[in-house]
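So, here come the structures, one by one.
Next come two complexes, and both contain chain A; in the first it sits with chain B, in the second with chain C.
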Partner chain A sequence: THTHTHTHTYTHLRMASRTQLYTLYIFNRDGTCLYIRKFISDSKAVDEKELEIEKKNMFGLLFTLKTFVNQITPRTLKDQEKEPIRYFQTEQYQLHYLETVSGLRFAISTSPDSSLSMQGFLSKIYRLYVDYVIRNPSYNIGTKIDLPGFNKGVDQYVKALAS
Partner chain B sequence: IESQTMVVYTLFIVNKAGGLVYHKNFTSKGRKIGGNECLYMASLFHALHLNASSLSPVKNTDFGTPPKGIETILTDSFRLECLRTLTGAKFIITADPDADYLKELLREIYIIYTDYVLKDPFYVVEMPIRLQNFDQKVVAHVGDFSASTRGEMKSPTHLRR
Partner chain C sequence: RKARAGSAASRELISRVSERNSRFEHAMSLAKMQRLGDNTFSQMEKVNSELLAMTYGALVTTLIKDFQDVKTVNQELEKMGYNIGIRIIDEFLAKTGISQCRNLKETAHSIAKIGFKMFLGINAEVTWGSNTYQFSIEFKGNPLVEFVELPEKLKDLDYSIILCGVIRGALNMVQMVVSCELKRSELKGDPVSEIQVTLKQIMQEKVKGDDD
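Coming up: the complex of A and B.
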């Protein structure tokens, strides 16, 4: 079956800084997962149901995290202002986050040892998104991204980083 | 307690059910968090902590160990660190984004907790902490720690044994 999930076998892909990339997500502001890309090879076939659950759970986590961060921040926030999150970390992974003004959310999970330049990585993915997705006349904004141009752009960027 | 870059904001202690048992604001800088807001945030964090561990891209294969939840959150204005003990209690601290000594600080606060809270015969575990000794010790220790990282003290408290 044709799915929008793009899984490559990057079995031993590590960035120059030895960080292992896990999964890249792009969500829009109402929770639709526009794009999901796993960077580690999975020997078993992709289970669509599990993937849907993962997408929903990830969005829910990010949403709750935002609410929490806006509450706990020592900075007094102006009306409608949000506290920008950079990343959170557990013992097993880091989750880097970038939210645009339009409510588009980019998130990538990596191994716990990544350097803090993942914000730059997400910015680059955003620029690729603008170039290959937004500027593509056949793409409807707010729908799932299934564009070979975008996939190729992400591929090339990630490969360049690993070398 | 404060310098330009090494401000510690607030400490929260959450019991294993997700209920807040202690909180302390250390500085007059920044928004003071109080009362009900605290309780709400403690529970929120408790849920987030568990959620994050179930969403791990790396499968957790060893059962019987506590869930490996959120340890750090970094935002533009603050850094949050969480120490989860084997008994399920969580020590959460917020500070300036470039404060890098928070893990150590939390471990020492945990030691103060075992000495002044758990060893108090009148204290009931998982209940709110209302012990003046503990309060004073924590405030003093956080003050000492922040000062020592600025190079003002000759030998920080945590090294004087």
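Coming up: the complex of A and C.
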């Protein structure tokens, strides 16, 4: 079976601001998880079933959260509200979110001490998606991303941030 | 006259969109859009326009040779445009940082002032007819038609129809179902080229169910 996590993992990768990246997700409008990338090395092997559940749960969470925020937002502010969710924080992690007008959802979980805005990070991942994924003629829109060019781009960007 | 939409909800959405249009609201002013178009264009990687024109010309010629029928060639070019459109939308959104358009007027201007400028380097204008769910994009100096002359036997060829497909594909990815027609063409003797865009339907948000 084909795993979606990249073979290279980073043990305790810390960025310049001491923020630790956990997992990067990319979903499309339908809920298909196009990309999942874990930045923390896991000693145990990747369990396919668990991963599928994680993907489903994450999308469900983001979708429900967005719906909820839209419902409680006062009517007068609704038109001006461009991004219902930017990030949320728990004791264990922060979850940063970027949704494009085209329905793509980028999310990254980080350590709770993230002081820098991860919106810039997610925007950069979006740019990498544009450069390496959709420009690739062999890639079909809406399918899982398994492109070495994209992985390399993400790698290089993350490495550059850590230095 | 109302647009033929798939569902009552969609009809509702379209009439709301049209209603907003008539109030001529703009979250982003026209001048700002033009500036954004110019700025983004200056940052884009450029390709030689002659190379583009020649390549496209070779493509169209090959299609004509393969299919022989002008109508089929038009359809194929439009389909190709559609496949470009579904990809180009993300490049457009990522590079301009533009957020959701609030009404069809903003959509029209985004395409003409920003999209056409960014990707083709030309300045396009938006015109409206009597329908608020239909607009036209008028432009001159399309780089694709440089050096091109249509022979008599190909007078029904919509040479630039690929652009119609691009617009249709791009809007499809932002929940709008439109039809695009190449109404006028500089190649056919018109003073400007014109693409007419008609909003047919606004798609509702659908999510994969748990048991899919």
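By our rule, the second predicted complex is superposed on the first by the 151 of 163 C-alpha atoms of A that agree within 3 Å, B and C clash if a C-alpha of one lies under 4 Å from a C-alpha of the other, contacts with A are read in each partner's own complex, and residues count from 1 in each chain.
Assume a contact is a pair of C-beta atoms (placed from the backbone, for glycine too) under 8 Å apart; a residue touches a chain by one contact, two chains touch by 3 or more.
Predicted model only: the values in this text are computed from it and were never measured.
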First, second, both or neither for A:M118, with chain B first and chain C second: neither
First (chain B), second (chain C), both or neither touched by A:L104: second
Touching partner for A:T73 - first (chain B), second (chain C), both, neither: first
Chain B versus chain C as contact partner of A:I141, first or second or both or neither: second
First, second, both or neither for A:F63, with chain B first and chain C second: second
Partner touching more residues of chain A, whether chain B or chain C: B
First (chain B), second (chain C), both or neither touched by A:T32: second
Chain B versus chain C as contact partner of A:Y129, first or second or both or neither: second
Contacts of A:Q92 with chain B and chain C, given as first, second, both or neither: first
Shared chain A contacts, counted only where both chain B and chain C touch the same residue: none
Contacting residues of chain C [partner chain A, same complex]: 86-87, 89-91, 93-95, 97-100, 102, 173-175, 205-208, 210
Complex contact set, residues of chain A against chain C: 29-32, 56, 63, 79, 82, 100-104, 123, 126-127, 129-130, 134-135, 141
Of chain A, residues touching chain B in the complex: 22-23, 40, 54, 57-58, 60-61, 64-65, 67-69, 71-76, 83-93, 95, 109
Residues of chain B that touch chain A when the two form their complex: 9-10, 29-31, 33, 37, 40-41, 44-45, 47-48, 51-58, 60, 68-78, 80, 94
